[in-house]
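Both of the next two complexes hold chain A, though its partner changes from chain B to chain C.
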Partner chain A sequence: MQRPFLRLFVTPAALVAAGFLLAMAAILQYAVLAHIPGELTPGGFTLRNFQEMLKPLYAGVFFDTVRLCFLTAVLALLAGYPLALAMVRARNPYIKSAILIISVTPLFLGEVVRTYAWLIVLGNQGFINGFLLWLGIIDRPLTLMFSTGGVVMGLVHVTLPVVVIMLSAAISHIDRDLEKAAVALGARPLRVFLTVTLPLSMPGIVAALTTGFAWTFSAFATPQIIGGGRVNMVSNLVYSLGFSSFNFPFAAALSIAGLLLTALSLALFKLLLRPLERMGAK
Partner chain B sequence: MKYAFRALVVALLGFVLLPAVVACVSAFDTRALIAFPPQGFTWRWFHRALTYEDFQVGFVNSLYVAAIASTLAILVGSAVAYAIDRYDFAAKRVLEAVLLAPLAIPHFTIGLGALIVASQVGAARGWFVVVACHVVLVLPFVLRSLYVSLKNMDPRLESAALSLGAKPGRVLLTVTLPGLAPGLAGGWIFAAILSFNEFTASLFVTVQRTQTLPVAMYNYVREYADPSMAALSALYILLTTVVLTLANRFLGLGRILGTEDVRH
Partner chain C sequence: MSGTEDALRLDGVGKQFGTFTALHEAWLRVRPGEFVTLLGPSGCGKTTLLNLIAGFLEADAGEIFIGGKLVTQTPVWERDIGIVFQSYALFPHMDVARNVGYGLRARGVSRAEEAARVAEALAMVRLSSMAGRRPRQLSGGQQQRVALARALVIRPSLLLLDEPFSALDRNLRMEMQFELKEIQQKLGVTTIFVTHDQAEAMSMSDRIAVMSEGRILQLDTPEGVYRRPAHRFVAGFIGDATVLRGRLKGMDGVSAGVEAGGLTFSVPAAPLEGTAPGAEVDVFLRPEHLQPAEGEAGLAGTVVSRAYLGDRAELLVQTEGAGRVMLRVPGLAALERWPAGAPIRMAVGSAEPVAFPAG
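Presenting the complex of A and B:
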């Protein structure tokens, strides 16, 4: 087989891949080195970084992170499914484009702009409190900032676009003749949805849940700004260890543990969701 | 039932739009604090956002980084996507997996890794690390966009040109590249927007001098609470919406993102 320009095409990408692997290797290496307070250069080999992580302070952050990621992925799925379904099934091309653009724009705004906007929504003098006070439902502002609820709202907003993209890709692959057949056989719309559309979109749902989980794990600005130090995720811990304590070895060890934890959670997810995924494969 | 579903979809779109709308409205508040509803009307914060030095420097830095990183990513990515799609070579799957891995790895981990490597080789945190980091991060998106284009292109066109006696270089320039144009344009825009907005990894690898706009915005939010950030966000939202609408109009956003089944 002729392969013109093969070397020219592959070499630059191989260099990029090598650079990336180098960075990952550096983290692995730092994770098992000792931190010498007041020094940037790490000391010798140690496993203390990983022992340190078992302390309640750090283990708690890991637990909170997994809980937040799971909650966010599920909520983003619940919010994303109707959007994806409406977008794929819209007959009017303008409505289709509008739903697509509105749903994915947040993805392109970047985490800082989005999180800042949430400050104005959630703040003590923000939109939600102002609105509820005006309606007379509450008589003093609710604490939404620096709370788990506020962080989850921000995280769902961050994760939603990806979930919508994954779901709509899956829903657009569903053979509509199957739904038409169900309708022709007399099934009501809700029954068609529950027995045909929903089972057939299961692979997309599983993909959306796992991607949503991993995506949320990666969030930094949202928990950092909305959580304000009171709701912490692994990302915030890594940052503060690196840039406040200059303890890069421990930050590296936490990153590694974070990666392992995500991989483990996703594997567990896949295992638990396998029966669901099979539903769609039939 | 039908109306209940529509109402739900409208409510969800409202949830997605809410922060953007609230930020845009707050940008005109006359008070120097984060509050809603705004009082009065002023363009003052737009003026401050546009003349604030860190934002100006950050904007120019982000523009350079996004332009260079997305161009490098599209050059590297299109070449390797073509090779992966059309050729067989040693360690092909491994290379592909490594190039797509940044999708699954948190940006803070990649940023931390890049920072450690830079400090180990003794290089100061300069432009090279920032650009390299962005190339690694946007490359998977470029690859995905190009795979779609490659799948939609008939390889027989190239075989035909070859069998008619065209040299491989000529086939590449006159058949392959024009055929891939939509994927190249889509992937390039996609990469440029993502790089322009990248925050977490940039926070780790930039210093004051190489600060990108998102990092400058983050630092501003931590220190000040006036609506300048709201004004800048409003401009950001406007610009991004325009770019996305144009991308959708001319390139088909659904095709770039894979939300539409191209076979239908």
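Presenting the complex of A and C:
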């Protein structure tokens, strides 16, 4: 009785997956073909695209991307943990909902809309500069746009909702009786947090860091718009090579490398964070 | 602290949740070393009262004293209490020894002393060999004993337990009851124990506070709440009582005569004070308040069901016109003479029941 239904339900997903696989295969194929300047159709088989990537100009972008992703994940974690904790622990349902809405709605705005909002905040005539100038703390606008700091701020904003969702899921699984037991045994709130709540949140923290990292790796609009060409991530490089220079083979090779780098970083992450994860193991 | 100081004193402590009163003014004095049980059905406010004593809840009214010290405004971590939760609440990320030592570390005890006291506490609950295990590697009973050791190792001035054994199976529960009682007596620690199981309360407590709907109805020894219930709720909740409607015949200062189902019972007069002779009363009958009668005398009925318990049996009997009652008979006689459906005649037993004005 179950099987025909199952087959029916799985079909759409299987079709989509097959589509993705085909696209990946096409990209893989492009990546090993030669680029003929001035032509849209590629030439014959070559591995030159991958050699090209090792040039400092391109390798540097990969390095920067990893650095930005890591920084973003850590900052999103630092900003997201208190939010998630407050959301899970708030007794008042209105406060709970307010935190949920504030931290999660950005997810539904889309990256482009959110990033344009940052333009208004970060620009030379933007909110921050305007405010600081008005206060007289600075006499010239700070360069917030087209800077790494600005891009990271935007990326953290984009990543925060996922991090908060993952952390709050983990925190809500911590048995409140454990904290009550700790307080009753004479531990002050800070000690309870450091010895019970935080260690038991570790699996969630590791998951949030990892997801935040991977999530940021795929960011495009934020570095494109706030970075304005001065802060480049792998996705921006792929875009400019593919759609400005029409070097599809090199863009394809960069995509593949980006994918591999993400996988590699995540594996490394998992390995490095294992002791942390163990801390909260049951 | 002087020797006559109460280990715990509640002066009119009350708690509201919104408009709902979970606890009406509770008054309670517990002597040092005493084992007091809060007994009542689910939802009657036992946990609320325990949480107020522990400091997890703030009282709306009244004052709480622990060891003669006013603690109504004292945060939980300064109240010097040991708590055992129903869920054990062992820290899953620490081994048994670190779990037990948690309260000592919070108190800044030296490492050497922590190790010594943890070892001593684990020996007390017979778990010395389990020091390096994680909680999930222990059985339910072992986890419960670790929780007990963790609560006692800090030498608390008050030990609080909230239905600690209700997740255990019957045999283990009895074993844990004996073990807790033994340890409690050895250490002499004042204990407040919460349960909804009257047999558990009867077997362990020095005194029982019977609660219903946010009130402490009676605070007395196990024998007191069993033999001299002060309230019809208590009479119905403790022991297996059936209610027989009857009439007050007369009373003197100490006891009253009540006629019910054709039998005449002698009951304490106090609960019937102010009731006029001839008024309707409810007699709370337990199995030992009736006995089988020979011949044609007594209250007639038919055995509905029989619970054989070895040396004795309990019969549920449908009487003619007076509802159902229970009575206790020797086990062998029950097998021979009173299968379900057999006729039986009953007389007044040796123990004295209680009666309350008809409600």
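Descriptive notes on the structure:
Simple rule for what comes next: the second predicted complex is superposed on the first by the 277 of 282 C-alpha atoms of A that agree within 3 Å, B and C clash if a C-alpha of one lies under 4 Å from a C-alpha of the other, contacts with A are read in each partner's own complex, and residues count from 1 in each chain.
To be clear about the criterion, a contact is a pair of C-beta atoms (placed from the backbone, for glycine too) under 8 Å apart; a residue touches a chain by one contact, two chains touch by 3 or more.
Only a predicted model underlies this, so the values are computations on that prediction, with no experimental measurement involved.
Legend: residue contacts after superposition of the two complexes on their common chain; A:Met24 is shown touching chain B, with no touch to chain C.
By the touch criterion stated above, A:Ile99 is placed in contact with chain B alone, chain C being left untouched. Of the two partner chains, chain B is the only one that A:Pro4 touches; chain C does not reach it.
In the superposition on chain A, A:Leu71 makes contact with neither chain B nor chain C. After overlaying the two complexes on the shared chain, residue contacts for A:Gly186 are found with chain C alone; chain B is out of touch. With both structures placed on the common chain, the touch criterion links A:Leu133 to neither chain B nor chain C. The wider contact with chain A, measured as residues touched, comes from B rather than the other of chain B and chain C.
Once the two complexes are overlaid on the shared chain, A:Pro82 sits against chain B while remaining clear of chain C. Residues common to the contacts of chain A with chain B and with chain C across the two structures: none. In the complex of the two chains, the chain C residues touching chain A come out as 54, 56, 75-83, 85, 87, 89-93, 102-103, 106-107, 134, 136, 150-151, 154. Of all the residues in chain B, the ones that touch chain A in their complex are 1-2, 5-6, 8-9, 12-13, 15-20, 22-23, 26, 33-37, 75-77, 79-80, 82-83, 87-89, 95, 98-99, 101-102, 104-110, 112-117, 119-120, 132, 135-136, 139, 168-169, 172, 193-194, 196-200, 203-204, 214, 217-218, 221-222, 229-230, 232-233, 236-237, 240-241, 243-245, 248, 253-254, 257-261, 264. Listing the residues of chain A that touch chain B in their complex gives 1-6, 8-10, 12-14, 16-17, 19-24, 26-27, 30, 40, 79, 82-84, 86-88, 96-97, 99-106, 108-121, 123, 125-127, 130, 157, 160, 164-165, 168-169, 172-173, 189-190, 214, 217-218, 220-221, 225, 235, 238-239, 242, 248, 251-252, 255, 258-259, 262. Touching chain C in their complex are the following residues of chain A: 175, 177-178, 180-188, 191, 195-196, 199-200, 279-282.
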